[in-house]
Amino acid sequence: MSEVVKKFLYVNRKAPYGTIYALESLEVVLIGAAFDQDVSLAFLDDGVFQLTKGQDTKAIGVKNFSPTYRALGDYEVTKLYVEKQSLEERGLSEDDLQELVWEDEDDDWAEKPSIRIIDRKEMAALMADQDVVLSF
Amino acid sequence: MSEVVKKFLYVNRKAPYGTIYALESLEVVLIGAAFDQDVSLAFLDDGVFQLTKGQDTKAIGVKNFSPTYRALGDYEVTKLYVEKQSLEERGLSEDDLQELVWEDEDDDWAEKPSIRIIDRKEMAALMADQDVVLSF
Amino acid sequence: MKFGILISEGPYTHQAADSALHFTKAALEAGHEIERVFFYHDGVNVGTRLSVPPQDERNLQQEWSALAKEHELDLVICIAAAQRRGLLDENEAKRQGKDANNIADGFRISGLGQLIEMGILSDRLMTFGD
Amino acid sequence: MKFGILISEGPYTHQAADSALHFTKAALEAGHEIERVFFYHDGVNVGTRLSVPPQDERNLQQEWSALAKEHELDLVICIAAAQRRGLLDENEAKRQGKDANNIADGFRISGLGQLIEMGILSDRLMTFGD
Amino acid sequence: MSTLHTVNKSPFATNALKSCLDHVSDGDSILLIEDGVYGASNNSAMADMVKAKMKQISIIALKPDLDARGIDETRLLEGISTTDYAGFVEMAAKHDLNQAWL
Amino acid sequence: MSTLHTVNKSPFATNALKSCLDHVSDGDSILLIEDGVYGASNNSAMADMVKAKMKQISIIALKPDLDARGIDETRLLEGISTTDYAGFVEMAAKHDLNQAWL
């Protein structure tokens, strides 16, 4: 719609299912992908829980949207920054998260990881270097 | 409506104005007063902020409901338990709270204080000794 | 045993209305009675018939309405909370001069006294909120 | 300077819709432009014309509608969030087979793309939520 | 007299679990539901606070909510048991009182 | 480049202020609004955490929200200034970016 390319950061600080913010944040990301902006996602505090493996919502009757994160690569949303300290405080490591990948067109469609574990300082720097921050 | 008298405790743990829970809790207390039950109010955590003096909401355009606490005595709601540790953590003392009183019919209408500062242990004991707890 | 159920948050935004639904179903299956279900704060929004959640998600209003029909549950929406949030039945709409109402089948609007009464008449009052 | 305003919580329950209103008024008074006001999550409930807050309280829907009229503001309610929560305009009601609608004057329902577009077109995007 | 306390918030996000733990009486139970089940996980910064109370009271986590969040048995703090909605109802009936920490 | 961070939660209730303080950059400002203004009060258990960051960044509290909650100037942490909605708008324009800590 315009040739402006802005840096958009989606900040996810809340756990999934207890409240709807994680799901409705993901809905914005999916729609936003069509706008060809420079998109990053940040997961910190309880937001890191959104990416954990093995979510099974059958018994609470709520839609399991965790598989949708695996589709983000196809939408060219490939930069998911996860804060190391937030994982550690919650007793989690990278192994507890889903494996998310994207295919790099410029590198013979090689599969590359979308999740990048960064520390708190790098997260602060990432946040400072944006044009638009959307908080959920 | 019935001759059962139950011990009702209204637990207030949230600050006023940022969310509506404090106001809508007070509305339940006022209606509940007509039912002749044994009513107590507990203020702990951010709930202690509900009782502070000097609230002036003009500039935020929201109704100031702090004067309503002063009317509770007339509704025979006379037991407002405030947790000492919650006050201290917030840098508050009893002097920062409104003075709330009730008139004791059995003591020649003597004015008595409605606020009772109790410590955490007494608060736990108060909570355990109820028939119905309503949490806000 | 008689349970009273208090729901303090709106559907979908918070899980409270889901948890309360599952608890209520489990209580009925175990042979308990449900004295009343009272909707307060944003909980009143569970009772709008105008919601249209995505096809692949649960419809909480319909599930509550169906459960109420099956078990003759008393689903009560607080009138004061409902007025603030725009939840009306036909009478309220008329009384307030509004041209539409949005309450769903199986819900009724009444006063806060019904919450206190539920506390008195129930053996246990369970709160689901935020 | 152009501001975009995002409101993520419902009226009265959270102060967010109040804070956003005061900010928007102050921005207009200072001579800034408001690119758009976008209502998401429970924020969509600001736009119901069926709310009847107590007489001695502010009426947030009416204040937003009046401000929009005076300054030709674009008040956009997210369609996906609105469907879940039962906020409909006449078209949506028809499309969904509902017998009533509840949107207030001055608000319009549209897609999430309008939020992204607001982020692109505004100099600053301000978020008021919970 | 004993109370069933329910906690539905993540202990990393709000002070609800901490405040609940500070106000329980001997013989009470805490049922962790919704985002509250994160308080049942081991190796977290909250684990010691939770463990310290487990001599005095029982802590139970709702399995449907654990499952939704991908928390399996290997990630539970030792001594925390799980239950389903039927068990939740049973616990509510067994205790004299319910207190929700919202 | 600098950011205006807004915090609208009580620091005694949620971790929003703490997380914000952990992620600010030099030259940023934090504006405390709504229940966030409780973070501006002195003598509280949170005061040291807030004070520690004040060399690096400015912390401002919204006066209409302080007034609503009965927090007068004698109760403010030293070094915290106040502003009104017009000042809020000015700050938002002056900084390059707004980040809300919800």
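Every chain is named by a letter (A, B, C, D, E and F) in the order it is written, and numbering of its residues begins at 1.
Here is the rule we go by: contacts are C-beta pairs under 8 Å (C-beta built on N, C-alpha and C of every residue); 3 or more make two chains touch, one makes a residue touch a chain.
The shown structure was predicted, so the numbers you read here are calculated from the model rather than taken from an experiment.
Indicate the lowest number of steps between chain B and chain C, counting one step per move to a touching chain.
Minimum step count, chain B to chain C: 1.
Rounded to the nearest 5 degrees, what is the angle of the rotation that puts chain E onto chain F, matching CA atoms?
180
So chain C and chain D: same face meeting same face, with over half the numbers shared, or different?
same
Is the number of contacting C-beta pairs greater for A-F or for B-D?
A-F
Just the number, please: Cα centre separation of chain C and chain D in whole Å.
26
Could you please state the distance in Å, as a whole number, between where the Cα atoms of chain B are centred and where those of chain F are centred?
Between these chains, centre-to-centre, one finds 29 Å.
Taking each chain's centre as the mean of its CA atoms, how far is chain A from chain B in angstrom?
Each chain reduced to its C-alpha mean, chain A and chain B end up 43 Å apart.
Where in chain B do residues touch at least two different other chains?
Residue numbers touching two or more other chains: 17-20, 45, 60, 62, 132-133, 135.
For chain D, which residues are shared contacts with two or more other chains?
Residues 12-13, 15, 19, 22, 41, 54, 57, 80, 84, 125, 127, 129-130.
Find every residue in chain F that makes contact with two or more other chains and list them.
Each of 8, 12-13, 15, 34-35, 64, 84, 97-98, 100, 102 in chain F touches at least two other chains.
Every touching chain pair, please?
A-C, A-D, A-E, A-F, B-C, B-D, B-E, B-F, C-D, C-E, D-F, E-F
Any idea which chain B residues touch chain E in the complex?
Going through chain B, the ones touching chain E are 11, 13, 44-45, 120, 123-125, 127-133, 135-136.
Which residues of chain E touch chain C once you look at their complex with the stated criterion?
Where chain E meets chain C, its residues are 6, 8, 33-35, 64, 84-86, 88-90, 92-93, 97-98, 100, 102.
Using the touch definition up top, name the residues of chain A that touch chain E in the complex.
By the definition above, chain A touches chain E via 14-19, 45-46, 49, 52-60, 62, 64, 66, 88-91, 96.
Which positions of chain D touch chain A when the two form their complex?
Of all residues in chain D, those touching chain A are 6, 40-41, 80-81, 84, 111-113, 115-117, 119-121, 125, 127, 129.
Show me the residue ranges of chain B that touch chain C in the complex, using the header's touch definition.
1-2, 4, 6, 8, 20-21, 24, 27-28, 31-32, 34-35, 37, 132-135
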